[in-house]
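Going in written order, the chains are labelled A, B and C, and every chain counts its residues from 1.
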Amino acid sequence: MRRFADVTGAVWWRSIHNFLTNPAFFLPSIIFPLFFFTAFAGGLSSVGDVPGFDFPAGYTAFQFCFVLLQASAFGGVFTGFGIASDFESGFARRMMLAAPNRLAILAGYLLVALTRAAIVITVLTVVALIAGMEVTGGPLDLFGMLLLAAILSLTATLFAAGVAFRTRTIQAGPAMQMPVFLVLFLAPVYVPVELLSGWVEAVAQVNPVTPLIEAARGLISGDAIDGLLAYGIGAGLLVVFAAWAVSGLRRAEAAGG
Amino acid sequence: MNTVPSLPAQVAQIARRSLLRTLRQPAQIVPPVIFPLFLLAINASGLDAATMIPGFPSDSYVDFAMAFAFMQGAIFSMMNSGTDLARDVESGFLKRLAMTPMRRTALLVGQLAGVLAVTLLSGVVYLVVGLIAGVTVETGVAGVVVLFVLFGLIGLAFASLGAFVGLRSGSAEAVQGFFPLFFVALFLSSASLPRELIEQDWFRTVATYNPVSYLVEGIRSLFIFDWDGQALAVAFAIAAAVTCVGLAGAVRALRTQVVR
Amino acid sequence: MSTSHRDNGIEVEGLVREFKKGPRAVDGIDFAVAPGEIYGFLGPNGAGKSTTVLMLTTLLPPTAGTARVAGHDIVAGAAEVRASIGVALQDAALDPLLTGSEHMRLQTALQGVPKADRKRRGMELIERVGLADAADRKVGGYSGGMKRRLDLALALVHGPRLLFLDEPTTGLDPSSRSDLWDEVARLAREDGTTVFLTTQYLEEADVLADRVGIIDAGRIVAEGTPEALKAQIGRPALEIVPADIAQRDAAAEVLARFGEAAPAPPNAAAVRLTGGNDALAEVVRSLDAEGVRIADFQLHAPSLDDVFLAKTGKKLGGEDETGEHAAVAETPPAGPAGEREPVGSGSPR
């Protein structure tokens, strides 16, 4: 058990060290969510005035939730990029050789994604509060919202890690990024799902991420949410993609890293 | 004996190379077509509710958002011309070309012509997809003609800016670094909502001073309004001015690159 | 020496690795490495060296066969094997964004060195490989030799009793190469560490290895001490430099009467003497009779190069050679020398 924690900690330390000491990694992860938040919450706020758009906390908080979840998910995808490039450069072998149990490596990367999400969320929250975001939910609601962000971060990391373990090349970047991008944008991004129209509405209705986004928005405004649905889907996503990532790791082991 | 080919023939040669080069790289041709259409589809459906905002100038958000797609196409032309020329600098192709009797202007004009052809082609795709999705062009067939003239000029403006950056820096990476900047400029404009409907004061101020807003509004007027002379005149003037700046910079940068 | 237990070695039986497409990369190999020994594993690119190392270090599961490394089965006891071995792989997988001492910090943590010892152990090893001055620089700026030395130091953080080095000096300049050789030799001598070393450099195996195995197309074609293997070839090569380069072909013709052609520089001709050193006087007389004036001549004792050529019909790293050398090297397939091959003197089979 101690060796497991050693390896997990070492993998975590190295990635976070590189993340924090290299502006080329650090800045885009911060700037992109802030940019989306600015463009959406700042430019589109009059969309919140549309009849039928009843959101007590206001449009800034409405968009904050989407960007929060989006940034958490993309942090997971970027972590997947890191895994893929570690395999491509051969660095992964160093870890594979040292780890008695290689699941410890995956655990390290998951911790990396959570840490990155925490950093980005902190910055985003500060900016949103300065921009005058209203929060009408209570502390427990906000904890529930952060839990959703953590679930999405882990899900995206497990998905991207599964791809990275199978392909072991950074060329697979689009294969990690595009599905996550699509799933997030084929959801109620700008307006509640009832106000969507056309084919995106049809897709959003069955998109598993939709209940998570809606729950986050409900929590920040202190509204009642369908917690069973949102957290149930979250747990399901974690189980499915954990299986995907672990089976990917086994494939990487069989292929010699 | 070898005769030096005429300037138009030289331009045609370079344009042909540029066009083939783009068409043979799916990474350069697929995103400019797919990406704007994807965003158009998302926004048309996701922001359709915006048409219910009192004072919204159109009853269809797709009509309104077509200009957004065209502007993205123009930004991609900046990217393509910039990276192509930067690669020519990186690979030494430019120096090799300078040893031939080929005129430097032929290189620039040919490259821009090739990029422009791809840009116009993607514009046709946007329009066709838009029409299938039920977009109406208020100004009719004549409007479509004006649309492509304006789109061509805007494409040229961005392509020449790209050429400037590509030749000046000689680095494809630098061009790609500039690329997001233009997207930011597009998002911080009146591309998603009319200026008068932007509630946040600072955002409206940025959009008002952002020249991209007027390019968007020029294209958009053809779709959602009847002929709007003022919007068109401003758009043409800005596109022409940017083209002049970009070309002047690109010619200068080309001269120093070849001399070095 | 306290470390010379039986469980400090390697035993390989019928090891096979197949990849989905293509032939068997490793096609049933057997060998044993004794504790404290430096074993040189020689072969050209694609012979199966690296695949063997990947299997023995538990990075790649074998298709068939078994191996015990440091007393543990490489499949059933993979975690125990990993804990007992140090590995420096071909590409010296380092993170260009980390400094040398940060790599040490990472590796000591990965290997579970007790927290209190990590810093001291890291500094000790960095000093040992002569990187103390560069310890706080990012590895991205290291030279090839520095990267290999750091990689070697990283392989040692947990005090492994068995060290795997996959082509440790490929791509290094001669002086960095001999520095690394000194370090490896010291490890084996002073610490009693068993070393399994793959290389395409015969000189490297000759200088370092107690015993050598030659692998070609996935099979071990010869094994023994470098001296024993050279003795199997047994025949010296004679190289003649004619005073007038125009007489080179004439010289080569004369030499051809005394044995088969051997690789030689462009201004010379060489022959592997069939009759041993006794023919020397006769060669000189014949050259004289043909009017070939000799500027210089050299007698080469057999080298591992010759062993390799004889065993595999190929010259190691042949693609780097000039056309002249390569052409000569490729002609004898499994060659006349093969017929005289004494039956595997050093083979444990």
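Couple of notes before you dig in:
Convention: a contact is a pair of C-beta atoms (placed from the backbone, for glycine too) under 8 Å apart; a residue touches a chain by one contact, two chains touch by 3 or more.
Keep in mind it's a predicted model, so treat the numbers as computed, not measured.
The most distant chain from chain B, with centres taken as the mean of CA atoms, is C. The central chain of the assembly on a C-alpha centroid basis is A. Between chain A and chain C, the centres computed from C-alpha atoms are 48 Å apart.
A separation of 33 Å divides the Cα centre of chain A from that of chain B. Chain B and chain C have Cα centroids lying 58 Å from one another. Looking at chain B, no residue sits in touch with two or more other chains. Residues of chain C in contact with two or more other chains: none.
In chain A, no position touches at least two other chains. Per the touch definition, chain B reaches chain A in the complex via residues 41-50, 52-53, 184, 187-188, 192-193, 197-200, 202-203, 207. Residue ranges of chain A in contact with chain B, taken from their complex: 35, 38-39, 42-47, 49-53, 185-186, 188-191, 195-201.
Every residue of chain A that touches chain C in the complex is listed here, in rising order: 2-3, 6-7, 9-11, 13-14, 17-18, 21-22, 89-101, 253-257.
On the chain C side of its complex with chain A, the touching residues are 51, 54, 57-61, 79, 82-83, 87, 89, 91, 93-95, 97-98, 102, 105-107, 109-112, 154.
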